[in-house]
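Here chain A shows up in two complexes: once beside chain B, once beside chain C.
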Partner chain A sequence: MAMNIKDIYKGLDIPADIFRDKVVKSIYAHAEETAKDVIIRENKRVDWDKKLDDFLTSPLTGFPVMLLLLGIIFWLTIAGANVPSGILSDLFFGIEDKLSALVLNAGLPAWFHGLFIQGAYRTLAWVVSVMLPPMAIFFPLFTLLEDLGYLPRVAFNLDRVFKACGTHGKQVLTMCMGFGCNAAGVISCRIIDSPREKLIAVLTNNFVPCNGRFPTLIAIAMIFMGGALVLEKSTMLATIAVIGMILIGITATLLVSLFLSKTLLRGIPSTFTLEIPPFRKPQVGKVIVRSIFDRTIFVLFRAMTVAAPAGIIIWLAANVYVGNTSILAAAAAFLDPFARAIGLDGFILMAFILGLPANEIVLPILIMAYLSTGAMVELDSIEEMGNLFLNHGWTWLTALCTMLFSLLHYPCGTTLLTIAKETKSIKWTLTAFLLPTTVAVLVCFCVAQTVRILGLV
Partner chain B sequence: MGLTNQSSGINVLRERFNVKSNLEQPVIALAGNPNTGKSTVFNALTGLNQHTGNWPGKTVLQAQGTFSYKGVEYRLVDLPGTYSLLANSAEEEVARDFIYFGNPDVTVVVGDATCLERNLNLVYQIMEITPKWIFCLNLMDEAKRKKVYINIEKLSEKLGIPVIPTVARKEEGLTDLKEAIAGMVRGELTTRPRLVRYDREIEEALDYLVPRLSSVIGERYNLRWLALKLLDGDQQIINHLQAQFSN
Partner chain C sequence: MKMFEIQPGEYARVRSLEAEGNIRRRLLDLGLVPGTLVQNIRRSPLGDPTLYAIRGAMIALRKEEAGLVNVDKEER
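After this line comes the complex of A and B, so read on.
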């Protein structure tokens, strides 16, 4: 068959663009005619959906409403999480006492008690009591907004800002996805057609705090910014701190996007149409059940599976001595000078490094590490967690820098693997690691140094 | 319904693009505009929990599942939502290639009853590719709320295709849909698609091209659509044919 496919249609002289135009026109005309024939419309009196949309996406009210909604969600999360957190930790540490008594009475050796009760069990108990309540409140609320159809309206509101930074408005949708999971956020960047803008969205998705980092941010905010350490318990302050973190994340996304589109990934933003879907009544019951099972339990389980072995490793590192110092203390001491310069301490930095596989375990590792250094406090409430941190020299600056570092640092292992798979390039994967890390170090360094020079701590 | 186990964490790395199906298992493709509830239909049929959410472009991974109806197991493939199949984007290409080259036994086009006209644009393009499809008109409850009434029988007649009204989130109309799918797979439910007639110039070109294509590649593919793509200068399709049938 020595025939060239191109020969078949060589003789036809319809230019491709005119051809496509004609085809599309015919299709549209057909669709219009068919639709007109089969649809019966009743006159509506008031179009509430449209009125609501005008309100939610107007340049004047769009942004305040957005912040307000976000604020309400976090306020509910923080205000609601305190009490169950306390109840859970009371429960778990009550059980710990009983377990300890049981193990010691059974004549089991002290190292066994240390490894499994003080190591694995205690870390698990902390993960559950600190992380479960905020997640169980936050995820259903956020999912309700998604189901309602609010997210594309956020994208619409922010579109102009992103355009100004040389990127695609749909990047906002990928960021919303990132709130759930950065790996999923990176995958969702496929909705952006232009390769340049897709890459920018991939590289900056990490600046949106994911499932794994929200509980960390919320817990630290509850302790230092609002709750436990201030005489007047101020849920409001903690809420503002968390929203502040998200705004900083968005600002970082915009600035880094702008930087990328002026340097490595030069180009002009492409145009696109964004469909604003109708509001839909969310299926409240289903949303609550599913977001508890699919997100909350999922994240918690992931944290627990990594936290238990991490607890054991940290207990071992704290109790195996080389010379006069434990391995743990030696590692922390090694990291300490650099960590101090960026407002953290050696233990915090170590927790972030060990937390590469999953962001969920950074806080548990840190608690474990602190607990194992001998400063044993009876941990029976979230206030005590604050005291534990205070005993290790935390100030509000440490809390702030830890939150900033958590927000801005490198993506977790899963996300990096996903980026490698999506970009098929080691270079861009490395960039995705180094770029946020550089930003995190720079920001934390500047904040820490400024605060210290001004003598605010 | 928000992110789920399947759509976050390590699971996003596990993509399943290859349709693994027993030979007896009929393959059903789900296509449609973004945000018409394809994933909701998918979940309702398969009992899986694919991520659903009220925003367009959410299904970027191709999801697959199975469902049984009257003793037969069907494999369901959820394609990315697209406004057209002109292959302007990666998603359109995925959806188009699957429907054309993947040759599913039935393609179910999920449409939004509140904006029928826009959905019909895609419908007419899919019709061009395959005659084996069903129009699942979803979100009938919302259309009712917006006081939009659709004459289903007349629509079905105008398209020459079965039209099944559904409210997927309340699982209404799904048995009818399954019945239609089963009927089409068994060959009892047939269609007479009423294709778009283009300009005289284009139709003449098609009349000229189709027999010539047939002499080269036989009747295995839908030649009218192939001819349309050639006229469109679709480089990907041209290369594909070139590789397969030249010399």
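After this line comes the complex of A and C, so read on.
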């Protein structure tokens, strides 16, 4: 067939583009004929698609509905994850007690108990009980919206904003994927054809909080913004705080995209074509399979493989003493002055540094670090976590800066590896590390200093 | 007139493309060959891009791309 067309073209003696136009036109004419013969259109039924689109993409309701849907998803996630998280941690720490008794009774040395039970097992238990419930709620809900066909509508609604920042509307879709996992978000940037806009989407994907960071954001929001210490109205306020963080993340994405397209990645926006698929009735079975097996289990497993060795290393750092102080305390003390300047403390900053392999383990590291320096308490509820933080001098400013730093700082190790693979460039991978980190430090510094100068804390 | 000038709900028929190279190929691939009927379905809440019905599919195009397509308005 290819041979034939070439022969025909040689015989015609016309410019290539005109020939191509003719070929495409005749293909479409042929397809039209065929379609007319075999497709029967039902015209009479009510056009639900149009009615739904009138609602989802109209100037009046488009944006409120978007925010509302986002709000509902996070509210359900936060409200729904609370109880199963508690049950899971009760279960795991019950098992820990039994394991401890078993190990100690068997006459195994204390370091073995520390390394594997207090280190590896406890970190694992934390990661699973804190992460699994929100993921098991968030991913299916999100996949439901995806299956329904809502996400391309979001890109349609927001494209103008992205165009103003010199980027592609499809970046919204890569950001949506980033909510699940930034590494997945970076891979999804392949849907953007233009190399310039693709690179911008890759470099800024990290400003969308991934599932590894949601539990951190949610837990801190529950304690300090929602006042889990007060407990009333906490989920509602925590939801608002988390949505606020997401909006800050989206703002950061847009501003940094704009900055990039004016400086490092100058250029004009490339072509934009986006197909808006018809709405589909979500296939519940498919949604569950895709969200639970492909996403939840996948992300959880990845977190667990990182958490266990990280737990061992942290236990070692907290229990190996050089002189009078543990390695952990010494490192935290070293980092403390800088960390204080950006509203954190040495332990928090160190937790972020040690959490490079996976954001999920930042909070467990922090808790373990705090516990190893203070009195040993059973941490089986969010209130006790709050008390632990308060005992270590946290204020609402510490909480806010920790959330901001978590939102804006460098991407996790997996995401960085993915960026290296996708861009095949050390320079851009380094940029992907340094750019967000600079933003995080600057923002936290400004917030912390402003609040302190104004004497608000 | 240009394709982006058709108002929501209105129809038009493609006359010619002013694009070259890759953009031209992309537009042709969408089915925007001369003689094709297109309808402006709606504009994005922010005014751009615009959603068009092209051969049974719904395609969103920015003003820049839709400005490369010459059309004749058609009353229906």
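To be clear about the criterion, the second predicted complex is superposed on the first by the 425 of 457 C-alpha atoms of A that agree within 3 Å, B and C clash if a C-alpha of one lies under 4 Å from a C-alpha of the other, contacts with A are read in each partner's own complex, and residues count from 1 in each chain.
Rule of thumb we're sticking to: a contact is a pair of C-beta atoms (placed from the backbone, for glycine too) under 8 Å apart; a residue touches a chain by one contact, two chains touch by 3 or more.
Remember, predicted model here, so these are calculated numbers, not experimental data.
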| item | value |
| --- | --- |
| First (chain B), second (chain C), both or neither touched by A:G62 | second |
| Touching partner for A:K163 - first (chain B), second (chain C), both, neither | second |
| Touched partner set for A:H392, first chain B, second chain C, both or neither | neither |
| Touching partner for A:V287 - first (chain B), second (chain C), both, neither | first |
| First (chain B), second (chain C), both or neither touched by A:R340 | neither |
| Contact breadth on chain A, by residue count: chain C or chain B | B |
| Which superposed partner A:D53 touches (first chain B, second chain C, both, neither) | second |
| Which of chain B and chain C A:Y28 touches, first, second, both or neither | both |
| Contacts of A:L148 with chain B and chain C, given as first, second, both or neither | first |
| Intersection of chain A interface sets (partners chain B, chain C) | 20, 24, 28, 32, 155, 274-275, 277-278 |
| Of all residues in chain C, those that touch chain A in their complex | 20, 22-31, 33-36, 41-42, 44-49, 51, 55, 57-62, 64-65 |
| Chain A to chain B touching residues, read off their complex | 1-6, 8-9, 12, 14, 16, 19-20, 22-24, 26-28, 30-32, 34-35, 37-44, 139, 142-143, 146-149, 151-152, 155, 170, 173, 176-177, 180-181, 183-184, 186-188, 190-191, 193, 211, 274-275, 277-280, 283, 286-287, 290-291, 294-295, 298, 302, 414, 417-418, 421 |
| Complex interface listing, chain A residues touching chain C | 17, 20-21, 24-25, 28, 32, 53-54, 57-59, 62-63, 155-161, 163, 169, 269, 271-278 |
| Chain B - residues contacting chain A, complex | 1-5, 7-10, 12-13, 34-35, 49, 51, 53-58, 60-61, 86, 88-91, 114, 116-118, 120-121, 123-125, 142, 146-152, 154-155, 158-159, 169, 196-199, 201-202, 205, 208-209, 212-213, 216, 227-228, 230-233, 238, 241-242, 245-247 |
